Each structure stands twice: as C-alpha cells, then as structure tokens.
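A short write-up of the structure that comes next.
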Amino acid sequence: QDDGRMLTFGLSANVGNLIYGPSRGAAQFIVNQQLHRGLVKFDENGTVVPALAESFEAVDTSTYRFTLRKGLVFHDGTPIDSATVKASLEYLARRETGAAIYAALSTLEAIETPDAHTVLVRLSKPNASLLDYLADPNAGISPPAALAPGAVNWIGAGPFRLKANDSGVSLTLVKADTYYDKDAVALDGVKFIFYPDSSARANALIAGDVDMVDFVGWEDFERIEATPKLVLDAVPGPFVYTLFNTGRAPFDNPKVRQAIAYAINRDNVVAAAFYGHGNPLNGMPMSPGNDRYDPAMGELWSYDPDKARALLAEAGVAKGMKISLLTSSTYSFFRDMALSMQADLKAVGIDAELNAPDWPTYTSAKNGGNYDLAVAGGAPSVTGPVYMQAYAVGAPASSFGSYGYDASEIVAHIQAGEAIAGDEEARAEYAKAVRIIGDQVPFLPLAQRSQAFAYTDRVKGFRNIPGFLSITGTGYMIEKTSIR
Amino acid sequence: MKRIILPLIAGILVAFAVAGPLLVPVDPLAQNILARFAPVGTPGHLLGTDNFGRDILARIATGAQVELLTALASTMIALSLGVSIGVTAAYSRGLTEDFLMRGIDVMLSIPPLILALLVVAVLGPSVPTLIGVLALLFTPGFARVAYGQTLSVRSRPFIQAAIIFGAPRRSIILGQILPNIVAPLLAQASLTIASAILVGSGLGYLGLGIRPPMPSWGGMVADGQRYLATHPMLMLIPGLFVVSAILTFSALGDTLRTLWDPREQGGR
Amino acid sequence: MGLAAYCGKRILIGLAMIVCVQVIIFLAIQVVPGDPVEAMLSETAGIGPDVVAALRQQFGLDKPMPVRLLNHVIGLLRLDFGISFQYSQPAFDIIASRLAVSIELVVLAAFFGITGGILLGSLSVQTRWGDRLVSILGPVILSVPGYVLGSVLILGLSLSLGWLPAGGVAPFSDPAEHVRRLVLPVVTLALPIAATIAKVTRFEILEVRTQDWVRTSRAYGFPTRVTFRRDILRNALTPVLTISALELGGLIGATVLVEKVFNLSGLGSLLVSSVSVRDYPLIQGAVFVISAFYIAINIISDIMYGFLDPRVSKR
Amino acid sequence: MGILTPEATAIAKPPLLAVRGLNIAFGDTGIVKDLSFDIAPGETLAIVGESGSGKSVTALSLLGLLGPRARVTGSIAFGGEELLPYDFGRLTGLRGNDVSIIFQEPMAALNPVYKIGRQLGDVLRNHLKLSPAEARARAVELLHKVKLPNPEVKCDQYPFELSGGQLQRVMIAMAIACRPRLLIADEPTTALDVTVQARILDLLRELQAEMGMSILFITHDFGVVADIADRVLVMRHGEKIETGPAGDLFSAPREDYTRMLLSAVPSLERRDFLEDAPAPSDDTTVLEFRDVGITFYGRRGHELKALDGIDLTIRRNEVVALVGESGSGKSTLGNVAAGLLRVNRGQVTIDGRLRQGAGTGKDLHSPGVSMVFQDANASLNPRMRIGATLRAALQWNRRYKPGLDCSDGHIRHLLSEVGLAPELFDRFPHELSGGQKQRVGIARALSVKPSLVVADEPTSALDVSVQKTVLELFRKLQRQYGFACIFITHDLSLAASISNRVVVMNRGRIVEQGPAAEVLRNPADAYTRALLDSIPLPDPAAQRARRARPAGPGTHP
C-alpha cells in the first residue's frame, strides 16, 4: 500500500545468505538477478544482451572482448573497473568455488585488462556459449569482499539493493540509484516472501497476499486460471529424463536403452507428473530462441511398445526382468513420473521396482551408480546445443549423466561445433552428436515441463521466457516490470 | 446406535483386510491416465479413480492389508519392547532403572523425523522397515506407561505375598505384575494404532513409507491432499477409512479393557 | 536444601542427556546415506569429483570422524554448531531467528489446546452434549492429520470466505495482523491437543470425583460449583498438567506440516529442510534446541508437579 | 454423655431428629428398610451393626449425600422440618451448619492439596460472612478447642503432614465450626489406634457438654458404644433389630443377634485369656532375632529407627502377639521375619539358618515363613482365580519342598480345611466377602507347610462377628499344625485371646514381654499400662466407673 510500486513476490524457496558463484536453485537466481549484474544478461527473447559491458565481441570462439560502461559502481559506491571484473571471473574459475559456470570457465587461460574499461577473456578451448554462461544469474560481477568461500554477497551492481533481510521469512529490496539503467526501472522495490510449499504459495496469490509467484505447482494451474484477475504465465521449461546405469547389464547394451526409449509413453508422463502441463519429448529439447536451434534434434524416438519389445527380444532380455528404478520422494513429480514409467515398462515385460529415497540419498545413489534406471531433471543454464554435453558425459565425471557412460565421441562432435563460428556449419557437427545420441541413448529426455509464473493483472511488462531460460533468464524481467 | 455402527465398520474393515483383493477383483495398480479423476459412481469405478486413473476402491481394498498390518505389527512390537523396558526399569530400580528410563527420555527428545531417517538408512525402505520405525517411535510411550504402572503395582501386598511365597522374579513379573498393568497398556495401544496410521503416511514424504505403487490409506490421504482444492474425494475417501479404522480400534481397545477386567467376567 | 539439590541433579542429568542426543545424532548422520556436498551441487552442471573434494575440504568434512566429533562437542560448550553449509551463516544465528516463530506457535497452541481441553473435559462430565462432543469428536480430530486440517481450514475460512489470511507471519509492529495470521495455525495445532487433554481431564475428573474429600466438601454445604472447582478440578489438574507438559515438550519439533501449510518458517521446517540437504551443522543445532526444549519442559513439569501436589515436594 | 440423663431428655423435649419409615434403595436393591429412630437434643445415639448393614447409608441419607442413584423415601424431620423429598438448596444451607458429619478416614476426607487452615477457613466462610483473616483466626481458635498442639503452625501444614489422630481432630474442628445442632460421626475412630481413640472420644464428650449438640455415632466397636452412647440402635441387613438405652442393651439384650454380637467382642474383663493354651511342647527355636536394627532415611537426612536392638526368640508351637500403638515398628518386625526387609544391624536366624547378618547373601526369603496380611483383598492378585493363587504359592514352594501337592484336589481340600466351599476355587477375589478372602489368605499361608506364620493384623479389617470366626479358625489350625506364629495386632484383648506370649513394642523397641495373662493383668511398663487404659470396656457401667477415676499410671483395675 506504500505507493503501490512495490512488487510483493512469493518466492518458491528460502534464500539464505547469497554466496558468490555456486548455484542454489531457481529462487536464489531470481534474487541474484535483482541485486547483481554480470557483463551480459538475457532479454525477453532469450538473447544475450549487454549489461555491465556496454558492448562485447567474440574475437574468435575462444577469445571474447568486453567493453565496460563508464562510471559503474556497486550499491555501496565502490567503483567497478576491468580489474574488478577480472578478479570476479578468476574467482569463479577456481575449482574450490564450486561455481555454477565452472564448466565454462574451467578452460580459462587468461584475462587481460588492457585498460580500465576493457576485458579480454581467453579460453584454452573454443566455447561458443561463453556468453550464455556469463549471463547466468550466478555470474554477476561482485565486489572483492565477496570473493572468498562463504563470504556474503548482498552488495552488487544490480537494479535493486537490499533494504531488509528477515531471515527465513522475507527479503526487502529497493531500487538502487547506482544502477546503470536506473531510469528504465519502474518498480520502487521488490519484497520477496518465501513460500516453500507450492500450494501455500498459490493460496497466498489467490488470497491477495502477494502480487506474483514463481514455480506454480501444476495441480494449481486450473485453480489460478479460474481466479479472476490472475494471470498464469506458463511456458515449456526444463525437462525430465532417464538415466541408465551403463556400467552393468542390461543397460550396458545400447539396444536395451533404445528399447526403453520406445517403451515409455511420454503423454502419460506429462499427464501423471505434470497434471498434463508439459510437452512430450521425442528427442533433445532445445530453446527455439537460440541461434543454433535445430528442430531435427527433437525427433529421435517415439512411443512404440512393439518396437521396444522387439528390441528387447533382440538383445536377449528375458521377459519379467527385474530392475530397480531410482527416483526421489522429495519431489512428487519425480515419483509420479517413475510410477508412470513403471506401468509402461511392465507393458514391455520389465519389472521395475521403485526406490524413492530423499534427495541427498537419491543424489548419492545416482552419482555412485547405485541404480539400473533413474529419473532425473535437467535445467540447463545455457541455451545452445552444448548443454547436451553435461548430460551425455557419464557419471562420475559429470553428475548429470548416465553412470559409467563414455561419451568421448559425442563430446568431440559438440566441441567441434563449439569451435565453429558459423551457425550453419556448427549445426552439422551437433547433428552428428545427436545422431550418436539417438543410437546410443546415453540419456533419454521424456518431457518438458510447464514452468509457470502467476501474477495479478496489475503486474505489467513481465514475461516468462520460454525454454530453459524460464529458470535462468526470467528473473531479468523484473527490472522491466511495473505494477499499477 | 454405536452398537450397530461400530461393529459394521469393523466388519467392513476386516473384510477388506482379509479378502480385499478378492472382493474387488480390479488391479489396484492398473493405470489409465485417460480415465483419471473419474468421479465417485463412475461405472466400473465405484469410488472413482485417482491421478493415474487407478481404481480407488481397489486401492482401498488392497491398502487395507498393508495399513492394518503395519499399524498392528508396529504397535505390538512397541508394546512388547516398551513393556519389557518399563517393567524391568521399575522392577529393578537403582542403576538399571536410571539407565533405562533416561534412555527412554533421550529417545523421546530426539525429533521423530531424525529417528526415522536413521532407521531407514540402516535398514533400507520397505514395509518391515516402516514397521520398525513406527515401533521405535512408539516404544517410549509404552515404556513410560508400563514403568509408572509397575511402580504402583509393585508396592501392593499381593506382590509382597508372591515374594514371601517364594515366587521367582520371572513369575512375579509375568504372572503378577503384567496382568495388572494390561488395562492402561491397552488404552495406550489403541491410541498408538491410530498414530501409527497417521505417522506412517507422514513418513511417506521421507520415502520410507510403503513403497509405491503399493497403496496404503495413509499414503492415499497424503497424495490426495495435493488435489484437495480440485478433487477433494481423492483425499476424503481414504480419509474416511482412516478415521473409521481409528475409531474402531479405539472402541476395540475399550472393549478389550472391559473384558480383561475380572469384574466383568462371569464367575466361573 | 532438598529442592535446590534435586533441581541441580535433574539439570545435570538433563545436560548429560542433551550431549548424549548430540553424539547419537552426530554418529547417526554418518550412517545415513547422502552427502551434503553432492546434494548441494546436484543442480550444477559439469561437476566432477574434483570439485566435490574441494568443497568437502572447505566444509571440514575431510577430517577424520573422531576429530569432527570432538570439535563438535567442544563447540557445543559455546553453543557453536558451526557454519550452515546451505546458508553460509552460523547455524546458531539461523536457529535463533526461527525460534521465535516456533515458540510463539507452540506456546499459543499449547495454551489454547490445554485450556480448551480442560474446559471441554470439565463440560463432558457435567453435560450430556459435552460428553458426546468429547467422546465422538475427539477421536475424529485425533485421526485427521494436521496438514489436512490446515488445508481444509485455509480452503474454507481463507480462500472461500476470506475471513482470515492464508498463512505467513506479520511482524509484531502490526499486532492486529500478527494475531490474525496466527489464528488458523494455532487452531490447527491446538485442536488435537485439546482433544487429548479433554480426554485425560475427563478421566481424571471421574477418578477424583469418587474421592472422599469430595463427599466431605458436599457434606459441608459447599455449592456444587465450588466443590467442582475447589475439590475436583484442582486435584484432577495435577496429572493433566504433567501430560500437558509432555505434549508441549514434543510439540516444538512436530509442527513441520503445519508450518508448511501455513508458510511459517519455524524450527520444524528448518530441521526438515536441513535434513533434506544434509546440512549437518543446522541439523545438530535444530536437534539441540528441540531436545533441550523437551528435556527442560520435562524438568519444569516434574518440579511443578511438586508445587501442585504438596505430597510430592514436601516428602 | 450429656448433662442430663438420657431418659429425662427423651421425655422432656421434642426430638431434634425424627426418622420414620426410612427406606433407601439403589436401583432395585433395597438397602435400608423401614427404619425409624429419634435423637433428642444433647443426646448421643449409637448405631451398631455388622459391616454392610446400612449404617453409613442411613447417616448419609440424612444429609442427602447418597447421590442420584439412591431412592430415599419415608420421613426425615430435623428440628421439626421435613427434609424429604430433598430440597438441595435447603440442604446446602443445613450441611455443615446445623448438621455436621465426621468420616472414618480423616486422611481421605481432607483435600490433600490445601493447607489445614485454608480448609477450615473455607468451611467457616461458606456459612458465615468472614474475611479471610477472621476465618483464619477462628480456625486457629477451633484447633485450640480440639486440643491440637501448635495450632498456628498446623494451620499452614498439609493433611499428609499430620498424624491420623491429629487429622481426626481437624475434622472435628471442621464439624463444630458452625456450632451444629447435630453431629454425625461415621466410625470416627475405627482407623485410629486405642490410645488416640480414647483421646478423641474424650474430646467429643467434652465438646458435646459444652455446646449441647446431639451426636449420631456409628461404630461396630461395642467398647466405643459403651463409652459414648446414651442410646443404642442395632442394625442388621438394613433393618432395626432393637433399640434402647445403652445400659439396658448391654446388661439385658433382647435379641439373639445382639447377644451374638456382644459375645463376639473379645474382652479383657471377661478374662478371655488363652489359659488353656498349652505351653510350647517343643523347644525347637524357629525364629531368632539378635540385636536387630533398621533405620529408615527420609528426605533431608531425617533418620527413623523403626527397629532398635530387638532380641526375640520364638519356638515351635508358640504364638507371640506383637502389640503396640501405630508406628511402633510391629509391621517392620514382621516384614523382617518374612524376608521383605533387610536389616541394618544384627542377625536373623530362621529354622536354624542365618538369614540376615554378616556374610548372608542377597536372598532374604526363607521357605519356612509364610504370611497372612491385614488387607486380605489387596494380598490376593485381583486377576487370578482363587485356585490359581493357591496353586501358584504351592508351585513356587515346590522348589524348596518337593513334597508339596499341587493337584486341584488338594487345593479344594485346603479350601475346605479353612471352611470354604470348594466351588470358590474358580472365583475371583472380588467375588468373595472379606471374611472369605481372609480365609483364603490363611489357607495360602498354611498350604506351604510353614514353620513360622507372620500374621499382620489379619482381622482388623473384618467386623466383629467375622473376626471372631476367623480367629477361631486360626487358633484351631495353629494347634493342628503346630507352627510358630507372630501375631501382630493393636487390640490388646485380641492379643490376649490368641497368644501364649505378648510382646509390647514402643518406638522400635521391645518394652515388655511375657505370658499374655501376666503382661495384661500386671503390666510392668508404664507404656503397657497406658495402652491398657485406653481400651474402652464393652460395658457402660464399668466404663463409666473407670472414666470417673482420675487418670494416671496404674489405674487399670
């Protein structure tokens, strides 16, 4: 009721201390995006646009040049120059930081600062997606004080600054006068109230306690749509997929993995896990906004139980084979997805027993190869095809991949694609990688879930960015948002 | 009224528990996503279907066995463990008493969540584990009741008489003390069975309840709660069964208690 | 003096029990599968064993178990549970910030639950409808899980009728709103307590009612009302209060589901969320508070029992 | 006794209380049938009768205290005013004000959580307009009046901190607080021991003389009747047997039932000693106590020497009566012999084996000892049938005595030995009367062929007529089996009627012992004499004569 220009936001998780670098989930991304700003950011179409950097340029796929804006300062008035940026990025490149974008910066060779406004980033290997990584919510440039493990990171260069932190309850942010684009910011501030329970969050919106919520639970979609003056802003978001333990029979056999790819009814997965709010996937998901988007990647397999049975018979798998299906009870959609798969597997003669421990136990089991088949969820932070690498490479090298899978061939093609500057030629390389994936099935995407924000119709100028960026990019929209 | 309704409910529950799958010959696991959320009274699905299109009546019937088995078994185990601890503590006094009863206090002061997690970690999730966890959670309650009751019984003259007439310790505890502390233990047990059903469903969140897709009433209530706003029947139907089971058990406890009292038994 | 020595002994044993709980939990956590670092990095791409090892070292998890246990016990003396992995903040501070909500909730729920239960229990022996209420509604309330009760209340009273807010907390600076927001969660927590206490109260009153001093009181011409209050209720309350204390002691860690439904960030949900990412320092700290609360309430109830029943304290 | 002679009062004034055709029923069972009696102002009427004859029910009906299940019909006129049917508003004004009542168990009759002063004050303030301070002052005054030592201090104590006799004084203070016209005393002294009982009766008599109130006195002790009553009403099964002035009733009872009751009363005066008891024929020592001592430690290091330097030897065939007032250590001694308590000092030898003392083991229990308990009901497991209880005792003892016969037939035989129908074999304890239960207790004690039986007040919970038959049975069996016996009692006349030897205890010590006749006729110790003097004689004339003499040592005839 202040002057009506304060946005009250029901956030889907508790945000504790902000720490520079590591990823702590979607809710923390949104807060980071208000307080911090990196060299670049995403716009409403999912394109990388300049932020602290006034302009940027890819010298080649392993060398990038950034030119900083003039007169940049943090909320506390500390100036930002090329040295600040260098220190920040070097900190993120350290292994001990555990940074969300460590994968991209691990190949950092050198950062040069020819002058106070120019930053030159050199990589030892080509990486066409570096800009995507630098637009990640965890890559905001931070002051020197934040560059230590465990150091708090509330002061940044973002459009809002922290006013009050009611630990565990809410965060109050007000517009920062130090922001380089402050005139474009319509809100006077944002108050984030934490609502970890999704139906409590929906209730708060319906009851008018908050103006906006993130991560609407799928079972609440209809309820919110049916409520007058509420807007449900849903887009296809992250995806869910299946992992195979390729270290042991029967999933060491690509034929069996293929059989699974044909055995699962994706429509049922969407219906059961997401209450019908999602898209079935027959291949690799991808954000259409990316320059290297290729619709052919999405057509690799389809639901065909007869073919699955044939493949299984070909692989010599006996009917009634028992396997264990790892999922987690922490997220109901994980469990529902597994239940739906279980029925499909049974239909092709595979008897899957569910193992549904809590999240950390699930993670350890997954990383340790303690499963036959596992349910997993993916929210890539880059939109380019390079994202597939992290999912193709097997655990333990990459925690997103199938246990024991050797993806060197796939990686080689993806890296080759990353090294090519031209989109068209690069696409050909990625297509090769995708063909191997279609054949080998190192991981099996099943559905893209609907990711929704919801808000009152007083909220204007906000837009949920479709695709993976719904999680990593949409938070940038708040500075463009206004409220009547 | 109570005289007709309670046995009726009890009869239905027991019938389901003994012969549920035979009475409702529909596969409780058969999914039909297209037919999900069918309302009560849909032909072929008397009580409707759930979010996977599974028949709710069949799930209730199949769940009865597991539900009643876990509740009863865990209560029985907790009862025997708790009574052994409580009676031993009260009967031996001294160091043993302090050790046992403070141990019980320590158990009670550990949040149940953590206790449950630990047991599952050691045993792995399964129905026997669930029974074990519940038994562990309820043991202290029984121990406390048994302890207090034994203390008051052991000073009564008939115990002294038993000592004087040379009763060995074993038969004092089993033959003299135990029969005289049964009534309050029965009361506690009927309460515990109710909690077992409730807590059992709560533990489902930790992934250590009854392993899906096996149905259990508590689990169905917990799942149904998600659809409370849109499809309340998903929670209300199993909820009704939980409530009636609990009411039946507490009535049963009362009846047993009366029967146990020699004043209520005929002379000969 | 007797009382002081008794209290002293109880407190010492209580402290020993707290340490005991801490050691048990510490050892238990080691056995429980799941790793805090892996859980924390589960959503970060391209993480290999090297990063995991680096973070383990940063959290001090690379030290051998006995050393960590020793450090923990030493830290306990200063109420220092370590830095939360998840929040990078001393676990103590986080717990302290959550404690107020929990305590307010628990104390209010216990207060209304206990007084309501005593009232209902008293009514149940005096009136027929009170008897019906307690003997039929009581078990029904006790068989409805808290989260269901809470959800139903929200759907009915908040969303449909709009009488009360759906959840959350309001600061003390806005007392009216603060109270409004507490109503539903307190009711949800207090109802089962009231049902239990009513049952116990009823039982105790029936027990006391047959005692000789009640007959004496009537024989000396005290009005029924006075006899009930002075000679029945007062004596029945002693055991009721002990049981109430037990209920209260267990309550602080058991409000998780209600906190969840009403979006209150209390100790219970903190414990659950720290378990779900294996945030060891927070788990230890939360368990410390919960067990200390339980043990303290028990000690207080034992001592209080002595005051309520002079036969206990003076002997 | 009143100032006026009973006959005079009865004629001179209209009765204070007139009960006509009183019928009381609970449900369908009639408890009191067609009862009529009067109480004149200043008169004391005693109602006597065996347990369950309806004495208490009658008393409670006068004040409408029987509860909603009772149906009371007939006429109760108090001071000319008809109380039936009850008007509870009116009764509330009457209760504690015009009519007061004292109950048997003073400890149970007072609320344990309030201080004495508060409870007295509440009664005063309930009927009189007093400030709390005034009420307290009056309470202290009343406590003075009932001769409670240290009233100021006692006011601030809780009931459990006072002894039984002191509590009964508090109850009396409460009863006379509002100067009632009628005082109902329902067995006010039954729970107290003789010395205390004597003082309470004296006090009641004094108060009555001072305040001129009437007393309805309920008891089953004819000694007490003789001491206090002007007139007596004998009841049985809820009906009046006879009524008349106390003197006439004792000297010339009209009804057989009354005669039977009177003859059941053991009496020192009637020289009811075991003169014919054979001296122990056998010199085998069964039990030997040497310098035995037990000290209990209360809270705050308070020490209590419950037994102090006890030397005692009991031989086969010998019955030793242990007497002494409450708290003198009688039960403690019995429990030591039975192996229930460990001594701090001295030696206990049973059947020639050292049981307690230096070098003895953990097991105190001796297979040669069995016990009969005071509370027969509590000593039987309520959930075991009689047969099972007896069989268990036999089976346990078979470990020591392989010859014991555990067959049902033998157990039925044991039951018939103590005069019980063999059908009782399958009954639960609650299905037996008090006398029957005590017989079971005796059967159990004897079943294991003990060499020593400890009987701790085995008959004090029974009423006189039952008490007599149980005692006779006990005496018969003792002669038959020849076991040694410690018979604990605080009833000296009873001790005299059953024992070869009397041991008098006081404060944990043995103050005097010797053959029963000798100790009781010529007590050497002052304490024994005081004990003897406290026993009311079951003869109004003799009792009146004794009371007339100045109290002092050596006043026993």
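Note that the chains take the letters A, B, C and D in the order they are written out, and that residue 1 is the start of every chain.
Here is the rule we go by: a residue touches a chain if its C-beta (ideal position, glycine included) is under 8 Å from a C-beta of that chain, and two chains touch if they have at least 3 such contacts.
What you are looking at is a predicted structure, and each value in this text was computed from that prediction instead of being measured.
Comparing chain C-alpha centroids with the centroid of the full set of protein C-alpha atoms picks out C as the closest. Centre-to-centre spacing of subunit A and subunit C amounts to 38 Å, using the average Cα coordinate of each chain. Rounded to whole angstrom units, the spacing between the C-alpha centres of subunit B and subunit C is 22. Centre-to-centre, using mean CA coordinates, subunit A is 88 Å away from subunit D. For the pair subunit A and subunit B, the distance between mean C-alpha positions equals 44 Å. Annotation for subunit D: no residues touch two or more other chains.
Each of residues 117, 121, 229 in subunit B touches at least two other chains. Contact with two or more other chains is made by residues 199, 330, 357-358, 361 of subunit A. Interface note: chains touch in the pairs A-B, A-C, B-C, B-D, C-D. Remark: subunit A residues 199, 217, 219-220, 222-223, 267-268, 271-272, 275, 328-330, 332, 335-336, 339-340, 342-343, 353-358, 361 touch subunit B in the complex. Listed in rising order, the residues of subunit B touching subunit A in the complex are 29-31, 33, 36, 51-52, 117, 120-121, 125, 204-208, 211-213, 223, 226-227, 229-230. By the touch criterion given at the top, residues 102, 105-106, 108-114, 117-118, 121-122, 191, 194, 197-198, 201-202, 221-222, 225, 228-229, 235, 239, 242-243, 246-247, 250 of subunit B touch subunit C in their complex. Remark: subunit A residues 14, 16-17, 19, 22-25, 95-96, 98-100, 102-103, 106, 149-152, 166-169, 193-197, 199-201, 203-204, 206-207, 209, 330, 357-365, 367, 379-381, 387, 389-390, 396-400 touch subunit C in the complex.
Those residues of subunit C that touch subunit A in the shared complex are 32-36, 38-51, 54-55, 57-58, 83-84, 86-89, 93-94, 97-98, 151, 154, 158-159, 162, 165-169, 171, 260-263, 265, 269-270, 273, 275-278.
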